[in-house]
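Structures are listed in the sections that come next.
Next come two complexes, and both contain chain A; in the first it sits with chain B, in the second with chain C.
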Partner chain A sequence: MISVPYKHKMAAHCESGSITSLLNNAGLDITEPMVFGISSGLFFAYFHKMRSFTFPTFIVRNKPGQMRENFTKRTGVKFKTYSFSHPEKGFLVLDHLLDSNIPVAAQVDFYYMDYIPSWERVHINVHFIVVVGKDDSAYLVSDSYFPELVSLRVESLRKARFAGGNMSPKGFLFHPEFIPEEIDYETAIRKGIRKTCFNMLKIPIPFLGIKGIRMFAKKIVEWPALARDTEHLSHEVMKINVLLEDQGTGGAGFRFMFATFLQQAAAKINTPQLLDFSKKMMVIGDGWREFSLLAARFGKNRDLGPQRMKELSDLLMDRAKAEEQYFNELYKAIKEI
Partner chain B sequence: MTDIPNNELKKEIKMLIMNTLNITDVKPEDIDEGIPLFGGGNALTLDSVDALEIIMAIQRNYQIRITDQSQARYTLRSINSIAEFIETERKNQHPENI
Partner chain C sequence: MKEKDGYTNAPEQQVILYVEKEDGNYGPMQTGSYITGNYLDDYKLKRGHLEESLRNKVINNEISPVSYYMILEDLTVSELASRAGIRKSIVKKHLDPAGFGQARVSTLKKYAGVFNIPVSALLQILMLRYNDHFESYTILEEKKLDKGIELTDTKNPYVTLVKIGDKLP
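And now, the complex of A and B:
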C-alpha cells in the first residue's frame, strides 16, 4: 500500500481544481478562482458544423490543458507532463511517481469513475483527477467533485486513462515540478484579465467569444431542422443545461468563478475597482443560469416550437450584449487601473 | 461545525421544493430528511432539471448562490444537507448571529 500524504479538497471544476490542489499540496497558497482567472479560463465558442460533433455544440471555457499552460506562462510555475502510447508504460510511470511520494494529476474518461453514481457518469475524455496512492487492486484518488478521497479499481483507471475517441487522454499525467519563491501576482492577474477580455472580444473568428454567443443565438432557431425528431431535439436542447450546469461547472459556474477571482484580485493587488466588476459578473452568471433553466424546462416538456426556440435565441442575444458591454468596460479599466 | 439546523427551516425547505416543482401528491412529512433526494429512495423523484430549479429557488428565497455543481451536488444531497448549507451561509453573511 502506497499513500502519499495529501490534503483533499472539493473544487468547482476538475481542471482548475486539480491544478490548485496539487499546488496547495506542494506548498503554494493559491485559490481555485485565482488559478482560473490568471489562466484566462473563461471563454465561449459555438460549433455549428464540425466533423467531430454530430449536432451543434458549444464550450464555455478555454480548451483542456490551456489553463495549465497559461498559468505556467504567467507565474513561472512549471509542471512536468507525460503522455503515453502504451498503457503499461503509463502505469509504470504513475507507480514510480507514487513510489517517489509525488501526487499526480491524470486526464481520464469521466465515465469510468465508478465511485460516482452511474446516472451521473457520461463519457467525457477531459476529466482530471489526482492519484495519491495505490494498493494491489485499486488506486487512491482525489476527485474535486467528490467530498473525500476515493478508491478507483486498477482496471477502471486503465480504461479511463486510455479511453479512445475525441480528445482521448493517452494516459496524460502532470505534476508541479518547480514553484518560484516569488510570484509576480500583479502582472499575472493583469495579464489574465486582459487575455480573457481579448478572447471574448477580439478574436476575429465568428464562432469564438461574444461573436460565438451571437452565432449561437442566431443558429439555435435552426436546430429543429437539424434534429431527427422531437425526441432528438429535446435531447439536444436539454444538453444545453448539461453543458452549462452539469459538466465541469458550466456557463454560470465559470462566470461565478471569474467573479470570485476579481474579488480576490482586488484585495491581492489592491485594486478595489475590480470589486464592482466582480458584482456585475455575478449578475451575468445568474443570466446564464436562467437561460440554462429555460432550455432545460423546454426540453423536458418537449415544448420546442418556433416561439420557444426564439425565446432561447433572444435570451442568448441578451447574454451576448451583457458580456460585450462588460468585457469592453473591463478591458478599458484594466489598462487604466 | 455548524449547529444542527432547526426543524422549521427543514419544513420551509420541503415546502419550497414542493412549491417550486409543483409537487402536490406528496406530504411534507413523507419526505425523509436524511435520505438522498436524487436517484430514488425518497418520496420525491427528482432529476437534474429539478436540481437547477431548487438552486434558483434557494437563491431567490434566501439570497444565497450555489455557484458550482460540486457544491450543488454536495448541498442538494438531502433536506438535512440543504438546511445545514443555508444555516452555514447565513452565519457567514451575518457572523453576529453566531
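And now, the complex of A and C:
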C-alpha cells in the first residue's frame, strides 16, 4: 500500500481544480479562479455537426490542456508531462512516481470513474484526476468532482487512461516540477485577461467566441428536426443545463468563476477598476443561469414547440450582445489600466 | 448569483459553485447538482423508455446489440470505431443483426471493453423481476436495489461468472 500525503479538496472544474490542488499541495498558495483566469480558461464554441458527437453541442472553456500550458507560460511554473503508447509503461511510470511520493494528475475517460453515479458518467476523454496512492487492486484518487478521496479499480484506471477515440488520453500524466520563488502576477493576470478577450472577440471562425454564441442562438431552433423524438429532444435541451451548471463550470458556464477571478485579481495587483468588471460578469452569469434553468424546465415539461425554442434562441442572442459589449470594454480597459 | 440561490439538495451529486457571499465577496460553495436535485427522475424515465424501445428492436432482430449499446452510450460510429480499434466500415456492418452474426468473439470483446460490460451481455438480455414486472439489469442497478445477482470476471477474458440467488452480498 502506497499513500502519498495529500490534502483533497473539491473544485468547480477538473483541469483547473487538479492544477490548483497539485500546486497547493506543493506549497503554492493560489485559488482555482486565479488559475482559471490566468490561463484564459473562459471561452465559447458551438459544434453543430462533428464526427464525435451524436447531436449539436457546445463548450464553455478553452481546449483541454491549454490551461496548464497557458499557466506555465504566464507564471513560470513548470509541469513535467508524460504520454505513452503502451499501458504497461504508463503504469510503470505512474507507480514509480507514487513510490517517489509524487502525486500525479492523469487524463482519463470520465465514463470509467465508477465511484461517480451512473447517470453522470459519459464518454469524455478529457477528465483530470490526481492519483495519490495504490494497493494491490485499486488506486487512490483525488477527483475535484467528488467530496473525498476514492478508490478506483486498477482495471478501470487502465481503461480510462488508454481509451481510444477523440482526444484519446494516451496515458497522459503531469505533476509540478518547478515553482518560482516569485511570480509576476501583474503580468500573468493582464495576459490572461487579454487573451480571454481576444478569444471571445477576435478569432475569425464563425463558431468560436461571441460568434459561436450567435451561431448557437440561430441553430437551436433547428434542434427539433435533428432529434429522434420528443424525449430525445427533451434530453438534449436539458443537457444545456448540465453543460452550463454541472460539468465542472462553477455555474453559468464558468462566468461566476471568471467574476471571482477578477475580484481576486483586483485585490492581488491593486487594480480596483477590475472590481466593476467583476460585478458586471456576475450579472452576465446570472443571465446564463436564467437561460439554463429555463432550458431544464422546458425540457422537463416537454414544452419544446417553435415558440419555446425561439425564446431560448432570443436569450442566447441577449447573452451574445451582453458579452460582446463586456469583452470589448474589458479589452480596452486592460490595455489602459 | 447569491449564495442562498445556489443551494440544491442532492447529496448523491455534489458540485462547487462560485457565488456572492453575504459580505459581498465571491467564492466557492459546495452544494447539490441542480439537475440531479430537481430532474433525476425525469432522466431515468426517459432512459428507461429508450432502453425498452431499443431492447424491443434487438428482440425483434431490427438492430444488433452493438447498435443498442452504441445508442445508449451516445456514441457515433466514428467514435465507437476509434475507441474499439475496429474499422468504421466493419462497425457499420456489426450494427445490423446479420452482420453482427459474423463478428468474431475477439471483436465482441473489444466492443464490450468500450461499453464496460461483459462479452456475454452482447449475447443475452438479462431481466429481473421487480415487484410485478421485469426490468433490465442496468435499470435495477441504478435503483440500487438488492438485485440478487452477481457478475464476476474470471481468468478467461470471454467468460463471466453469473450467480443468481434470493439475496447475494
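Here, the second predicted complex is superposed on the first by the 334 of 337 C-alpha atoms of A that agree within 3 Å, B and C clash if a C-alpha of one lies under 4 Å from a C-alpha of the other, contacts with A are read in each partner's own complex, and residues count from 1 in each chain.
The definition used in the following text is that a contact is a pair of C-beta atoms (placed from the backbone, for glycine too) under 8 Å apart; a residue touches a chain by one contact, two chains touch by 3 or more.
Computed from a predicted structure; not experimentally measured.
On the shared subunit chain A, the superposed partners chain B and chain C overlap sterically. Look at A:Met257: by the touch rule set out above, it reaches both chain B and chain C. Look at A:Lys195: by the touch rule set out above, it reaches neither chain B nor chain C. In the superposition on chain A, contact of A:Glu245 is made with both chain B and chain C.
Contacts of A:Glu231 after superposition: chain C is touched, whereas chain B is not reached.
After superposition on the shared chain, chain A has more residues touched by C, the comparison being chain B against chain C. Of the two partner chains placed around the shared chain by superposition, chain C is the only one that A:Ser278 touches, whereas chain B remains out of contact. Superposed model on chain A: among 5-13, 23-31 or 41-49, the stretch of chain B in collision with chain C is 41-49, the rest showing no clash.
Overlap of the chain B and chain C contact sets on chain A: residues 10-12, 117, 119-120, 144-145, 147, 238, 241-242, 245-246, 248, 250, 252, 256-257, 260, 282, 285-286, 289, 293, 296, 300.
By the touch rule above, chain A contacts chain B in their complex via residues 10-13, 17, 117, 119-120, 144-145, 147, 238, 241-242, 245-246, 248-250, 252-253, 256-257, 260, 282, 285-286, 289-290, 292-293, 296-297, 300.
Partner chain A is touched in their complex by these residues of chain C: 1, 6, 12-20, 25-28, 30, 33-36, 38-40, 42-44, 46-47, 49-50, 73-76, 78-79, 82-85, 113-114, 116, 141-142.
By the touch rule above, chain B contacts chain A in their complex via residues 39, 47-49, 52-53, 55-56, 59, 65, 67-71, 73-74. For chain A in complex with chain C, the residues that touch the partner chain are 10-12, 32-33, 51-54, 111-112, 117-120, 122-123, 144-147, 159, 163-166, 168, 231-232, 234-235, 238, 241-242, 245-246, 248, 250-252, 256-257, 259-260, 263, 278, 282, 285-286, 289, 293, 296, 299-300.
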